[in-house]
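In this document, chain identifiers A, B and C correspond to the written order of the chains, with residue numbering beginning at 1 in each.
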Amino acid sequence: MNNFNTFKKLLKIATKQKAFLAVIAMLVIMLFNQTNFYTSYNLFDLMNSSSILMILAFGVTVVLVAGGVDLSIGGVMVVSGIVVIKLMNNNIPIWIAILCALLVGAVVGTINGYLTVYQKTEPFIITLGMGMLLTGVAQMITDAHPIPCTNPDFSKIANGKLFNTIPHLVIVMIIVFLVIHWVLRYTSFGRNCYAIGGDYEVAKYSGINVRRLKMATFVLCSVVAALGGVMLSSMLNSGSSTYGDTTALVVNCGVVVGGTSFAGGIGGVPQSAIGLLVFGVLQNGMNMLGIASYIQIICQGIVIAGIICLDCYGRKRRREAV
Amino acid sequence: MSEQLNGKKIIQIIFSEYLVLVGIAMLVLVTAILEPKFLSPQNLNNVMRQFGPLIMVALGMTFVIIGGFIDLSVAGMLSLIAVVTISLIEPLGQVPALLIGLCLGAFCGYLNSVLVVISGAMTQAEALFITYGMSVVYGGLALIFSGGSTKQMSGIKADTSLFKEIGSGNIGILSVSFVMFLGILVLLYVFQNKTFMGRAICLTGGNKTAAKLAGIPINRSIAFIYTISGFMTALGAIVLFSRVTTASPVIGKGYETNAILAVVVGGTTLVGGKGSVLRTVLGTLLVILMSNCLNLLGVSVYMQYIMKGAILILAIWLDNRKQL
Amino acid sequence: MEKKKQEVILSIKDVSKSFPGVKALDQVSIDVLRGTVHGVVGENGAGKSTLMKILSGVFQKESGTVIFDGETIKNTSPIQSMKSGLSIIYQELNLVNTMSVGENIYLGRFREMDGMRGTHTKAKELLESIGCTIDTYKLVSELSVSEKQMVEITKALSFDSKLIIMDEPSSSLTADEMKELVNIIHHLKEQGISIIYISHKLDEIFDFCDIVTVMRDGHVIDTKPTSAFTRSDMIAKMVGRTIENEYPERPHCVGETLLEVRSLNTNKLHDISFELKKGEILGLVGLVGAGRTEIVRAIFGADKVKGQQLFIDGKLVKINKPIDAKNAGMALVPEDRKLQGLVLPFSVEANISMASFEKMTKFGFLKRSTEKEIAERQVKALGVKTPSIKTKVKSLSGGNQQKCIVGRWLENNPRILILDEPTRGIDVGAKYEIYVLMKQIAESGGSVILISSELPEVLNMSNRVLTINEGRITGEFNPQAVTPDQIMEKALGLGKEELKS
């Protein structure tokens, strides 16, 4: 009986931490293969290549925790990335250019928030449309060709290395992680996000300004996505519109894979980081193992569909148990 | 007083129910004035041919949305079916290739429904992400099957052949693909309005719990909607590659959002339960005409994305106001 | 002993409120004294909950005045009224399940509490002050119902409440938990906090309420000190005069066994076995959440079961899905009309014909004329008031909506009709019609299982009553032979407690 209970507990942990276990499993598999996976160079490369998606994911986490969803982040990312390059190429100082890019994010977030909160539209289709629109804007500005950056300092923001080892991009990612983690965990704003995601009506009756709060989550998410766009442009040293299409879906999936539910009220930034790591490690590991790129795409699709299905299945079980 | 109210009401009804007609009329009028070429037989024929692939996918999507779900996998599925079918024409012949293509579509759709049913996904958002994952899988399979290269239609020697007819044949003044569309539209309309399964799909979309408790087989409804969507996507793929006579492994890109756009703009609500294939025809017409008009007027193709996004947002917003 | 604090804390004067078709409150006036437990009793629909929702700011009153603690209250909101010292503990608990106990107590006041640590320390102190030892870091979803109630009370206390309204707090508590609640109520009273205690269990009222107000049909019938009431006096005032005319004569045509349920087990139900006879109306009595609805849902194939055997006419039938149950001659009118019963955006016709597809399809095609016939037949038979059968069901009144669902099933001539709260939220006339309908079904050889939270309804309509408590059948009664109290005792699970001790 006792054994059974421990087993049950383990099972419960396993279903809750499926993303974490998946990452561990992949890391173990890589241990038994003679590859360059476990070299500091590769590990930093892994971190570096996941960083931008992670930054976006941290922003999305706030929206999902508060019970929304945002599929426009890909569009926000490319548009703000292009805006920052365009402004700099017109001899506007870096910092002002970055601020303007973030402002673009804030404006988009405000529109998303207004439409979903005050007009009560379904957020995921509205933001999907917004993403489409913004991708179009980005393509129109760039004519679908990358715009090279003329300011030599800009590239250093992401590509410089602290102590010649840690890329700045990773540091920025960690800072965003810590800030949003702190906000969600230890501030009134963050806790209220969990409250409105957990039970909107109760939160409303408890005197939380639910509408303004939910709107703020959309703004925050878009500003963070804009920051991701700035970092992307800095990393590529150019403004490009090509990544706008699928980024939002991948990031949202990653966040859900980590354990932040569509239903809202649960999850957090650490979970999202792990969820995105699932994709990062999967891709990097498969690269190392020399798996053909098309197979990699299929694997990614299977992981997305599979884990989302598991997430739904868990909820179905809980529904039926009640 | 009451007459005034009636007049006001009629305008209100036109604006809330048939806004898309107003949109189409304005689009045609403005373009016809600015660019007389718009009304030339050649351009109209062109519009008719562009209409073919999207309407097929959109009609399938209509059922998914009426049933309360959504299907993003049509993008990957369309690519997969196009490259598979086009490659099979030479080794197997035209009819077997066509049949395999259609079966493959139905099978992929059915696979989606199995995932949705087993995982117990209830909301549109859940279905959205599951089918997105499947879209990536199908897209990956298309890349593997084609080796990443664009496939040419080959192995057709006769002057009159099935795929050539679908692609460029005419019956009277109508293109073959348009006639196909008309036939399928009638079938689907009858299916939705006159059959048990059609009604079951509407009821499932209207209220899953109530439908289940009243003995409606909701799992079978879900299987039907996704299978129909898959089958219609296959038809769309065939019409598309017949017209352009090539199939790249990313040929289906953008079809999912365009189909959703066409359905929503037509006036089928995303809430589920209410909608009609006829509305989707109007929605698709608007989307296709818009591309055509903007092309004729020399507006950049990127501007069209922007307009599509804006129209999607606007359509949902208007629909939502209607619900309130 | 209470003379020294005979000061009015809450004064309600001539408050009225109506909903479409119903006058929920009509010129209600009540005074609540400081430091007293003020009981409010009345049957369902008497207006108790409406009044309390007006006090807490969920509803707005139409006329009259409310003076709380010397201040006139106008258009308040829930949070304002809580901050002014008036808290309410609802029937359906108002906690965020995904958050911790401490955070729920101080929900929305995170900053005022100096963050996480302050929240939890203060919550712990407050919980301990009422003798509660729940870990403040525990998630609310892991608590039992009574623990959740303690958290709710603590939340009310955290606002320095001067008046706490408890809306049927005992409806889901066991006897031990009830004792605990009584202790807390006494404790609060000593601190000078007033309590409005809403219940329809007279034992509790006589146990610890100082003053009682009896309400009926939106009116205050009487307000007196509890000691001035006798039990029969109070009941008479609660139910009023029309009790005989409210229900038709119950049918008397019980025959042999029609349905037998053997060892039904699910996560919430334990070893449920019972029989249903032909021509019988069987009432299931229990508290909300006791397992009444779960039993009928399991029989109907709507929920997963661990194991059950169903016999109809002595023959074993397998029911996995609602459609199996339908084919076996069962019909379920579910608890929640709007969420589980109707497809709201659809027409009356589509809603009525929903369960009769066998009749109106041929080779998978719908016969529209048959569908129309079905809908018109049921609309006529049940007297559904609708402009046409094409009208959207959304626009009908509650009673007529309910009739649509009943009509949907009657079209199948079900042998076993299960009615889960069939009269909730519908007017008296429609109620009577539904009772008559039940009677007709029983008399024509069918059987009815009736679930209702309104005890008088069950007692007046059923031939036999089963009491359910915590997923078990605790007793079987002939409602004509025993008193309501005896039945309530079993339904509350008191018998089981006695067995334990």
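In this text, contacts are C-beta pairs under 8 Å (C-beta built on N, C-alpha and C of every residue); 3 or more make two chains touch, one makes a residue touch a chain.
Because the structure is a prediction, the values reported are computed rather than measured.
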| item | value |
| --- | --- |
| Chain B reached from chain A - shortest hop count over touching chains | 1 |
| Chain pair bearing the highest count of C-beta contacts | A-B |
| Identity of the chain that, by mean CA position, is farthest from chain A | C |
| Chain centre separation (chain A, chain B; CA means) in Å | 30 |
| For chain B paired with chain C, centre-to-centre distance based on mean C-alpha positions, whole Å | 47 |
| Distance between chain centroids, defined by C-alpha means - chain A, chain C (Å) | 44 |
| Residues of chain C touching chain A in the complex | 58, 77-80, 82-83, 94-99, 103, 107-111, 115-116, 267, 303-304 |
| Of all residues in chain C, those that touch chain B in their complex | 300, 302, 321-323, 325-327, 332, 334, 339-346, 350, 354-355, 357, 361, 364-366, 368, 408 |
| In the complex with chain C, residue positions of chain A that touch it | 185-188, 191-192, 194-195, 197-199, 201-208, 265-266, 320-321 |
| Residue numbers on chain B that touch chain A, as the complex places them | 76, 115, 118-126, 128-130, 132-141, 143-144, 148, 257, 260, 264, 270, 300, 302-310, 312-313, 316-317, 320-321, 324 |
| Interface residues, chain B side, partner chain C - complex | 193-200, 202-203, 206-207, 209-217, 271, 273-274 |
